[in-house]
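Just below sit the structures, each encoded as structure tokens.
Shared between the two complexes below is chain A, which has chain B as its partner in the first and chain C in the second.
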Partner chain A sequence: MNINVNPKERLMFNAFLIMFILHTAQTGVGIAGLPRVIYMEANRDAWISVVLAGILVSIVLYLMIKMLETYDSTDLYGIHLDVYGKWISKGFNILYIGYYLSVTYVILMNYIEMVQAWIFPKMPTWLLMGLLIFLMVYCVLGGIRVVVGIAFLGLILAFWLVFMIYTPIKYMDFNHLQPVLTSSPKQILMGIYKSSFTLIGFELVLFVYPYIKEKKKVLRYGLIGAGYSTFLFTVVTVVSIGFFSEDALLKTIWPVLSMFKILRIPNLERFEFIAVSFWMLVILPNICLYFWTASRGMKRVFNVSQKKAIYLFAVLLWILSLCVQDRITMNTITDKVGTSSFILSFVYPCFLFMLVKLKYIFKKKKGVDV
Partner chain B sequence: MIRNIMLLLLCLCTCFLSSCVEQKYLEKLGLITAVGYDLAEEEKITGTMVLYQFNPAMQDVEKVLISKSKTSKGIRLSQNLETDHKLVSGQLRITVYGRELAEKGISHLVDTLERDSSIGNMVYLTIADTTAEQILNYQMTERPSNMGTYLYNLVRQNVESELLVSPTLQEFITDYGSVGKDPILPLLKASDGKVGVDGFALFTRDKFIKEIKKDKIFFIRSLMEDYNAGSVEVELPLEKFEPYLTSPHLRQEKDKVYIMIDSIKSSHKIKAEKKATPSFEVKLKIESRLLEMSEEMKLSDPKALRLLEDEIGDYIEKNIKEIILMLQDEGTDPIGFGTEYKSIRGHEDLSREKWDKLYKDASFHVKVENKIIRTGVID
Partner chain C sequence: MLNSVFRRREVKKDIENGSPHSFDIETFHKEILSLVSNSEDLIFRIITLGEQKLAVVYFDDLINTTAMQDSIIRPLEESKGDLNYQMIQDTINIAKLTQTNQINDVVNNIVNGTAYIFKQGDTHGILADVADKGTRGLEKAETESLVFGPKISFTESITKNLNLIRSNINDPKLCVETFMIGSRAKKKVQMVYIKDIAEEENVNTFRQRITEIEVDSIVDSTVLAQMIEDNSYTFFPQLITTELPDRCTISLLHGKICLLVDRSPTAVIGPSTFMNFFESTEDIYMRWNMGTFLRLVRFVAIFFSILLTPAYVAVLTYHYEVIPSALLVSLGQSRSNVPFPPFFEALLLEFIIELLREAGARLPTKVGQTMGIVGGIVIGQASVQAGFTSNILIIIIAISALGSFTAPSYAIGTAVRIIRFPIIIMAGLYGGVGIMFCLCFILIHLLKVTTLGRPYLSPIYPFRFADFKYSLFRLPYQYLVQRPLSNHPIDQGRIPEKKAKEKKDVDE
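Entry: the complex of A and B
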């Protein structure tokens, strides 16, 4: 395994697409439940938590890209190899592969739960899981360019959902948002922490970086993508707080979908059915990106072909879906993955940034000495 | 070539198989359009359901089912045994709660409506003057094809013409769940061969405590939502208009003049002040058109019109004051003074109990500005 990867020119894509990748990786099933999760911690100042979390994302993203720029063209797996050496790096890389696989799993399971709760209560989990995995495998087999294409199309096709928030806005009561800034700093910090699982996805830049053509522009487009996600999350949170009364918001599992319940189009009375179905287009790029990252890791670390890794993981995911049946267990798993996401996506990259920079400075000094 | 055909077949499969996940044949379904709940003996509730069932052989597509159980879904279960159609609640339009039941609290029954994903949030909630069963089972002289749809249209057209406060499930949940606001629902009454809205039910939390007459709703609604085309009838003392009357009055009631104004455009503002005992400043601006008078007046005289404007304003102001004091007295707050007060309180949180106490001592200053823009097509 080499530190630097130099993919063929025809496999690479333009830098502006990183906007779409980061944004679609960030918005997934999480956004449907986000307002409630943060509201539980930060109360009516939840939206401040989201804004602050968005700023935190931008800072971490900046550090990540600076870290990547120290090298020519590498990904996180390569950086690990450079920093920790051959054997320890394997441990870290396996951790990340496992992490992305579990993120894929959690997203899939949560989406399936959503479908079962809203549209098809009788549909078995394994069937939906099988169909979604089939679609996902089909996309990922096409390679990174197809995955990026899915991200682009997913955003374009599901973009109109954003405008559907207009009706709930009419029902908003701004009194619910006032008075501002009454939550304690601790509550707001807890809110930031809780929103981290929804906001992850921006760290995928660490893995797709080698495939980007104009590496100089990554920072600019990356920040735009993450900024748009933050904006969207903030809007959704503000509208949810205004729309629901406090008791109702604490009870509602998917506030965003429940808000769609009041939408009524003359020949389509129940809009949330469409929303849940269309949500698949939102999560498809999501799971494809994470799944690609995991399978890509297998290739980089163990040098097996990516195809084999994809098939292996697909079967694994499908078998795992048979194990969990109820909502409580799934909630615990989601929480566990959420906690690790805060460490692996926010904290650890900053730490790694320092290590890389230290090593770089150390090397330079040595070079001068000799 | 074979590859292409296979691909085409696969694509066609996705089109044709998509409906095979869960079939629902319309002919085999009983679409519930309205449900009603009443209190029965032994902590049970009586459920009444109005269904649509489509059967080409039958003339009557409406069917009413009644049964008793402990929970509302239990009622549906036992009713399913009484019909050859599978009951589904996706088309539920309106729910009716009996008076006795509403007095005990309806939050647990509303909760299940919200929990069920097949029920939309725009379902109307109403209270029956007597029992829900009586309302839903009432034989009107002019029979509509379905009682549920009839009631739904009744409420909807009145909400649209701004005579009712919109009583959707969504609004009930929001009002019930926020500190410092109580729900308000229309009260249905069946008599003289017809079913209609007779008044309004005021709530404390989820308990029905008092009803108000339908002519009073204007004064509450004007402080909850702005009017775009409302109308109200006002009653003014006759003596002040004596100089402007064109003909000697004709009516039996000699000291009153009745005026109907419509096309009302109103905007309201409620401002809370931060004091130990809450005080509220209520401002209401009304622009209206004069439509009917019980006495003839010289409206071309600007003085007469000014006087009329002021008197109407005073009348509305007086009524709003009365209504607010009445609401305060009863301990119900449909207008949401509590949420206004809460939003200026800063760091202290307002609990329900605390607001209940504070509300009793609150003071209100009402100011109404009225303006008559038009007097119809004649002076």
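Entry: the complex of A and C
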């Protein structure tokens, strides 16, 4: 396995697409339930938690890109190989592959639960899982270009959903947000921790870095993408707190979808049916990006053909969906994955950054394969 | 035992290896007759001049009789002295002459309308091109009709088609490459491009694909297009077929490559992206605001054409809460008479529309108009009154059908009509989620299709904002300084930029 990855010319894409990749990787199924989760921790200052979490994301993103720039053109798997050597790096890489598979699983199950709660109560889980996995496999089989393309098109086609926030803003009450800064720092920190599971996705820059054409511009576009996500989440949180009363927000599991209920477009009454169906286009780039990362890891680390890895993981995910039947198990799994996501996406890359800098404290760039 | 029962007959293919024909006229006559299966329309005329015998061989139905008599037979009959093949070349009055002595050359050229003149005992003979293949005069375009712009269309003769293209583009850099494709019925295929605009790679890919075809015969240019395209399994076409010379002209000036096939009135233009199929020459001939409006109307029409019927099926079967209460009453009234679920109703009506369209295409013109009225109006009204379908569905189906016909290219209109069916089925099964699934599938599929190696969704996916003013909307000519980048043209500038954007002060 080589440290550096030099893909073919036709597989590489322009740097500005990083904006779309990072934003769609961060915005998935979590945004619908985000306001309630943080409100439970930080009360009225939940939006401050989100802003601070966004700043934290930008800092970690900056460290990651600086870490990547010490190498020619590598991804996280290559950095592990360089820092830890052959065998330990395999362990870390397997950890990341498993982590991304579980994130894909959690996103899929959460979306299916959303569909089952809002549109089709009796739809079997395995059926919708099968459909979504079919789409995901078809997309990832096309390679990185198709995955990035679906991220780009997914954002452009789903962008109009953002403007639907106009109606709740009309009914919003700013007094709900006041007085500001009444929560204790501990509550705000817990809010940041809880919002971490929603804000992950930005670490995918560690895996798509070799495929970008202009590597100098990655930082700029990455920060714009992550910044826009933070902005979107903050606006959603603020509007949710303003719109719902205190007790109502604690009881509404998906505040964003509940706010869609009040929309009235000519000729369409209950907009949430359309919104939840359309949400499929919002999560599709999400799951495709994570799944691509996991199957790419199998190819890089173990030299298994990526197609075989894709089929194997698809069948595995589908069988796993048959095992989990009730809400409580799903909740537990989501929480555990959320905890590990905080460690693996926020804490560990900073640690790795320090290791890399220590290793190359006097060297400039490493371009040699091990 | 099975082997002997189902053994294929081994057919020897002759004329494989070249060999000179016999120099004695009688033997030559027998050879030629055997090679053309003793066809009785082969004329073998012997002219005796003193002691020399000249043989003139041709197919009677393929040649221009006047040219034959005046320019070949008369000069030969009136010539004096000893003739050899060089003197024959100087005597007859035909413009295109070649010398040969290979028997397969002779036969291959005779079936294309040339005459072979051979003096007994000479080393070579002369092939004279007097072909007059059946063709029609220049006519108005039938399948693609326009309001503005030139209206002539291609015909079956490849020389006349190339004439039209060269008359439109009299750039000396217009390059024509000829291939003969097909092993049994050789067809002339010509690849046309402008050498310093079209990209080298595209030209090489085209050339390689055409020369690598191993096939018996190619019937039409559309068959050739199907053989060289990237992906045969998809519904979406990857090469535009057109019968308008000005469409070819505009594409050639943008850096695309044109293929002409003999005896076929359609030209093939490649590489064509998805957005190229929605561009019509009328957008270019009209002013930019009208052109933009027409393009946008087209996109909206196609979008509704795909989604309206499935949305009706999904909403009425699963999501009836979405309908506003005012519409709900009338919808309920019209649907109360219908015995079928919306899914079957929609499929039935879609099928009837497809029947009407298909039957209308095949009916002779005299009956066609009547059937159109009968089908459209009578069946629609009668089925509503019989309680077969609901009013609203008729309107929706009519709008979808009209929308799919706004696509300038018939191929993509058909593709749009066909993909509507799986979406209706998925909508009937899974409602809104089913429609979304199909849309995502089509999106991923379009991202994967490549046309001649180039991405299909250019300029949207490999995002080239500069090309939007050619594909999605039109801008005034000051802004069209460069050619579309998606074709990677070598010569990019069209209008000198300074001149296009001179700004003057007030009252200057």
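Miscellaneous remarks
Just so it is clear, the second predicted complex is superposed on the first by the 360 of 370 C-alpha atoms of A that agree within 3 Å, B and C clash if a C-alpha of one lies under 4 Å from a C-alpha of the other, contacts with A are read in each partner's own complex, and residues count from 1 in each chain.
Methods note: a contact is a pair of C-beta atoms (placed from the backbone, for glycine too) under 8 Å apart; a residue touches a chain by one contact, two chains touch by 3 or more.
As the structure is a computational prediction, the values presented were derived from the model and not from experiment.
Annotation: superposed three-chain arrangement on chain A; chain B versus chain C shows a clash.
Residue contacts after overlaying the shared chain place A:Leu135 against chain C, while chain B stays out of touching range.
If you count the residues of chain A touched by chain B and by chain C, you find the higher number for C. Residue contacts after overlaying the shared chain place A:Arg270 against chain B and chain C alike. Of the two partner chains, neither chain B nor chain C is touched by A:Arg327.
When the shared chain is aligned, no partner comes close enough to touch A:Lys215: not chain B, not chain C.
Look at A:Phe244: by the touch rule set out above, it reaches chain B but stays clear of chain C.
In the superposition on chain A, A:Phe120 makes contact with both chain B and chain C.
Of the two partner chains, chain B is the only one that A:Pro179 touches; chain C does not reach it.
Looking at the shared chain after the overlay, A:Leu281 reaches chain C, while chain B stays out of its contact range. For the superposition on chain A, the stretches of chain C under consideration are 117-125, 207-215, 423-431 or 459-467; the one running into chain B is 423-431.
Overlaid on A, the two complexes show chain B and chain C touching the same residues of chain A, namely 120, 123, 269-270. Residues of chain A that touch chain B in their complex: 117-118, 120, 122-123, 171, 173, 175-176, 178-179, 182, 243-248, 258, 261-262, 264, 269-270, 272. Residue ranges of chain B in contact with chain A, taken from their complex: 21-22, 90, 114, 117, 120-122, 168, 170, 173-179, 181, 336, 339-340, 342-347, 349.
Every residue of chain C that touches chain A in the complex is listed here, in rising order: 318-319, 321-325, 327, 430-433, 435-437, 439-441, 443-445, 447-448, 455, 457, 460-463. Partner chain C is touched in their complex by these residues of chain A: 13-14, 16-17, 115, 119-120, 123, 128, 131, 135, 138-139, 142, 145-146, 149-150, 152-153, 157, 266-271, 273-274, 276-278, 280-281, 284.
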